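Below are structures written as structure tokens.
Across the two complexes that follow, chain A remains constant while its partner is chain B and subsequently chain C.
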Partner chain A sequence: MTVQSTSVPTAAKSSSFGRLDSKNLILIPPGIMLLVFFLCPFLIMGAVSFYYRVPDGFYEPDFVLSNYAAFFDPVFLTALVRSLTLCAVISVVCVSLAMPFTYLVSRMRRVVQIPIVILLLCILTLSEVILGFSWTILLSRTAGVSNILVWLGVLDRPVSLYPSSFAIMIAMLHFCFPFAVLTIYPPISRFDRSLPEAAATMGAGPVRAFFTVVVPALRGTIISALVLVFVFALGAYLFPQMLGRPADWTLSVLITDQAIYKSNIPFAAAMSVFLCLICFSLILGVGKLSKKSEG
Partner chain B sequence: MTNLTLENVWKRFGSFDALKHVNLDLPSGKMITFLGPSGSGKSTLFRLVAGLDSASEGVVRFDDTDVTRMPAHQRNVGMVFQNYALFPHLNVWENISYGLMLQRRPKAERRARAEELLELIKLPHIADRTLNQLSGGQRQRVAIARALAMEPRLFLLDEPLSALDAKLREHMQNELCDLQQTLGITTIVVTHDQREAMTMSDVVVVIDHGEIQQVGTPLEIYRKPSTPFVADFVGTSTLLEGIARQDGTFEFEGRRLNVGCIGEAERDHTPSLLCLRPEQLALRTQSDDPSHAIPVEVRLIRDLGSEIEVTASFGKYEFLVKEPSGHSLGYSEGDRLDLLLPDHAHVMRA
Partner chain C sequence: MRNRKLGFNRRQFLKTSAATGVLAGTSGLYAPAVHAATEPLKIGSWGGFFEEVLSEKLYPEFTAATGIEVDSIGTPNGDAQVVQLAQAIRAGNIPLDVSALIPIPMVRATNAGIIEELDMSRIPNAKYLPEVQGLSQSTDGNPNGVAWFFYFNILVTLRDDFPQAPNSWTELWNPSNSGLAGVMAQPEISNIIDITAATYFGGPDILKTKEGTLEVLQKVGELKETVSLWYRDEAQFQNGLETGELPIGIYYNDVATVAQAEGIEIDRVFPKEGAVKNPAYWGISKGTALRDQAHEFLNFTLDPSVQALLARNLGGGPVVPRETTDLTDEEWGQVSTDASTIAPAYHLYTDWGDWTATEFSRVIS
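Right, the complex of A and B next:
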């Protein structure tokens, strides 16, 4: 799903919501699905975020703002800033790597393209747990890459490369890169070949043509990919826990921590609502921005 | 002013030969068209010249420089793409001065050059417009201006006029010719429209199935087609199969036609083709000289307003004859008449 496509349902709504002809009937099942599986849980979560948490117990229905107030605790604020920075870095790095990569792949012959896309899809099907555990092995002292470095003479003896923020970054990149590539793959493979060719006839070598024509002409795609990868990365909560120290924990980890280990569901809900609002406003804002730059 | 030479150029896509032993030596400073039906390899040849594809075999030369392995961005050719390929993220003047931007020229200079070119294409007031504020014809001119901005050695246009309506097309044909003459730049236009090729160019290169069929001025191509394909593709013609004799007569279906055969075809032995164009023919009720006429039957009379097209047949051959419109023909469909042949006609190898 791209940011552009999020604007499609609204357009369809405004034009044909009054009548309920056969064309609209088909919208009912997905509509119900969205309502039951997306909107209802979200509303419940919103409601819970205002509930009162019974000390040493669970929670009871109420309307208190203390869950949101607790949020201004410096611990959570720094976690929030850390999450946003981490995801921003991941998203920028992923998209900057994915752009040239996808561009090159899309210009290869079909027989080469298909296996690469399949490989990326395979990585995407691996859950965070599997990726996380494989990185704990890869970065470990006993079986990890540092043994190769020792063998190469770079290190004296094997070391464990985790927990560290570097380890989190690596695993997150691994996790987000296929997603980034697959988001920008369709627009890049549809991209008009004659534009870089025209640039070439005017004296631009392949690299300059890429940066002066392909990148700026695809800026809408790039912006939406940045946002999507950012949101995708925000959802990752196992990597910081498995590969980082508590000091590296992100907001998603803290939410898990509050909800599962501290049983403070209302506070976890409040943080989730906050995170959701950040994502929504980002997507909406960027959607508006890219629409403005196109029109 | 660059003279373009291709020597024994081949282009293969897998096992398919898109171009076969192409040899061309094109004069500098001229308007040249590549003419051929769809899929004949015009664009392929064109892309080899621009350097967007590389030849499988052979040599491409600009003047005396071998550019076969030179990448497109070093060749300095200006190119107008079929879809114009204007950069959507840049406005009109930025598009035109893109090449100068690559050379890091100061903004004032780039702007001045863009204005100059806009003047040349007669659109002086659109420098600051974005592309979606332009009509199709304007876009095309901007693409032309952009291609000319770097003072290229060759100016290439791939079917530049195919997307325009008939009126604008004719207008742009004239404009392009004027522009070419003002700048004196070697210009190559790809087209599958034979009329366009005939009206615009100094030299026409006819291509079919990846092979050069003929190179010549429009008149040469029309009057002295060197292969049946050219005779058929350029204009209307009827090709009679027979044997050209040493004395200039043509032996055809047991007759000896006194048509004064001219052309390269071998005499006396091997079969050759006699090319007859509509304007060389006339229909009469009775001819004085039977060796100068063929008996035909009128099949179809079509009044086009400007002229009348008459189709007449002899055996499997059909002839098109044009009569002036406005007065009565004196014959009607089904009549048997004599088709008068010209004093001189072109023969070619079968």
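Right, the complex of A and C next:
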């Protein structure tokens, strides 16, 4: 309300578009950015997905459905199911860890909070490649953590912990965790402390207060963090490729293979469109669901 | 074992050859058939090591011998290279007169109609080329590319883990190597299907039909047990070799030679079933104004003395018979082999490319 009352009426009058006041004007640059860098490439990708793939060659403008038909091969459908499952598990685990972590951090003194946030931001400066290579060393037979377990007497001889879905999971959690925390952090730090305090006065312990008061009150935040991590993980293709066996490769890896190594751009585009549509419908579904539960 | 006394690496090759003036001698023997044009000949080769070595070592020799100036241009490798070239040529530009192309991009470029057929009478040195894999053919069956070096996919093993180097590709399937091997992720790059056919099915005949190929692919699928890393980047496998994590795998002979020279204790094995031999071709762009000069360049690179120069500097296998060059036994052993080799069944990766890719994914996942 206060924002609206500060807008200057003369500016709106001088504009030929009645509603184009200074507040809306600021939306033009990001709007153009979205149009040029998101919508246009997406539309081009959509168009290419219907192009004809010339065997042995490249592609020609056309309207064929064969690229979509090729997707219904068990190889690719399995990869799709695997990708969705992996990302769902990662987003649930990641947010389940990030939620109590952020809650506890937000209750700490500022001197402690700041270094923790800086540490999380530091993880973000590392690229997927560096994190991937680091994990290959940490999980390796020759130099990895299993050597410590041998030293402690837990294992007889060092073993390689990758390639495996466990390795992909660990690396992806490492990569996604800061995003989850940074999404949850602002609402949780603004969260009204009197609510858990009220719960405490009524006899709830800190754990019970967290689950019965804090979590339900921050439902919207949790859902947006889940969606964010899910979508983010869906795009990762280096971790599955570096730390997984072919049976762990996600659809993103197969899309990359088709686009870069087989120059089958129409098929890669068709798979990407499919993945995007599934992504959109999931987000829409989750959005609807959260609105319903709020209402 | 035979490589323990490796004399020098690529960088030292460059130094020694420059110091002794070996290279300077080559141009004196060569008699050019074409005179220089006003414009330089634009030659494209894969950016990085290749382009650097060629522009430092090969092109100055060519210019000295023929007077034809060269403009060296770095290109991507693989499909991106062909896409760029095809788009430019269709738009009426000819960004390159001559391009270095490996077999599958060469087929794509041929099918895209951007490669000129060759006038073999202008490439007399082509007489040295082997019958198999020496020439690339246009859709009409006429020659449109000459091989200028061969590269080999070989077996490499770490000496610590394999004190006695194996001599067969079967070692990749050996259950005792479970989880220890590294193989390229793309079948057209590793040529694992060709290797399997040669090792377990008596040669490439079985790959003539899709049924036969599926049978071979079943055997390829057994590698799931031993292959831990299906790599897309050489650095991934080299890292595995260096840390000892992946003591066995398929690697390029020339890259393995450099790895040895850098001190990684590996054996380069040309297995008894044959190492995989792939040619690198020169192709001339359709519509080039410098057709004569381009032919002259192709002929020059097939001169035995130039072939020796390329072997010493690039680590590629010569396309001319060993006795025509002055390479020593040790030098020859580093870049090539006298044993029989495996010639890939390229139709798997071109005509049947999409089918092969999907079926390969099916068996390894």
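Everything that follows uses one rule, which is that the second predicted complex is superposed on the first by the 269 of 295 C-alpha atoms of A that agree within 3 Å, B and C clash if a C-alpha of one lies under 4 Å from a C-alpha of the other, contacts with A are read in each partner's own complex, and residues count from 1 in each chain.
One rule holds in what follows: a residue touches a chain if its C-beta (ideal position, glycine included) is under 8 Å from a C-beta of that chain, and two chains touch if they have at least 3 such contacts.
Just so we're clear, the structure is a prediction, and the values are computed from it rather than from any experiment.
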Chain B and chain C placed together on chain A: clash or fit? fit
Counting residues of chain A touched by each of chain B and chain C, the higher count belongs to C
Just to be sure I read the superposition right, which of the two partners does A:V75 touch: chain B = first, chain C = second, or both, or neither?
second
Answer with first, second, both or neither: which of chain B and chain C does A:D192 touch in the superposed model? first
- request: Name the contact category of A:A200: first (chain B only), second (chain C only), both, or neither.
  value: first
Message: Applying the document's definition of touch, where does A:S160 land relative to chain B and chain C: first, second, both, or neither?
response: second
Which partner does A:I137 contact after superposing on A: first (chain B), second (chain C), both, neither? second
**Asked** Looking at the overlay, does A:N264 come into contact with chain B only (first), chain C only (second), both, or neither?
**Response** second
On the A-aligned overlay, A:E60 touches which partner chain: chain B = first, chain C = second, or both, or neither? neither
Considering only the touch criterion stated at the top, classify A:A247 as touching first (chain B), second (chain C), both, or neither. second
Once both structures are superposed, the least CA distance from chain B to chain C in Å comes to 46
Listed in rising order, chain A residues that touch chain B in their complex are 192, 194-195, 197-205, 208-209, 212-213, 216-217, 219
Given the complex, residues on chain A that touch chain C span 53-58, 70, 73-75, 78-79, 133, 136-137, 140-143, 160, 163, 241-242, 245-247, 249, 254, 257-258, 260-264, 267
The answer for chain B against chain A in the complex is residues 50-52, 71-79, 81-83, 85-90, 98-99, 101-103, 146-147, 149-150, 152
Residue set of chain C touching chain A in the complex reads 78-79, 83, 86, 107-108, 111-112, 179, 185-186, 188-189, 224, 228-230, 232, 236, 239, 243-245, 350-351, 353-354, 357-358, 361-362, 364-365
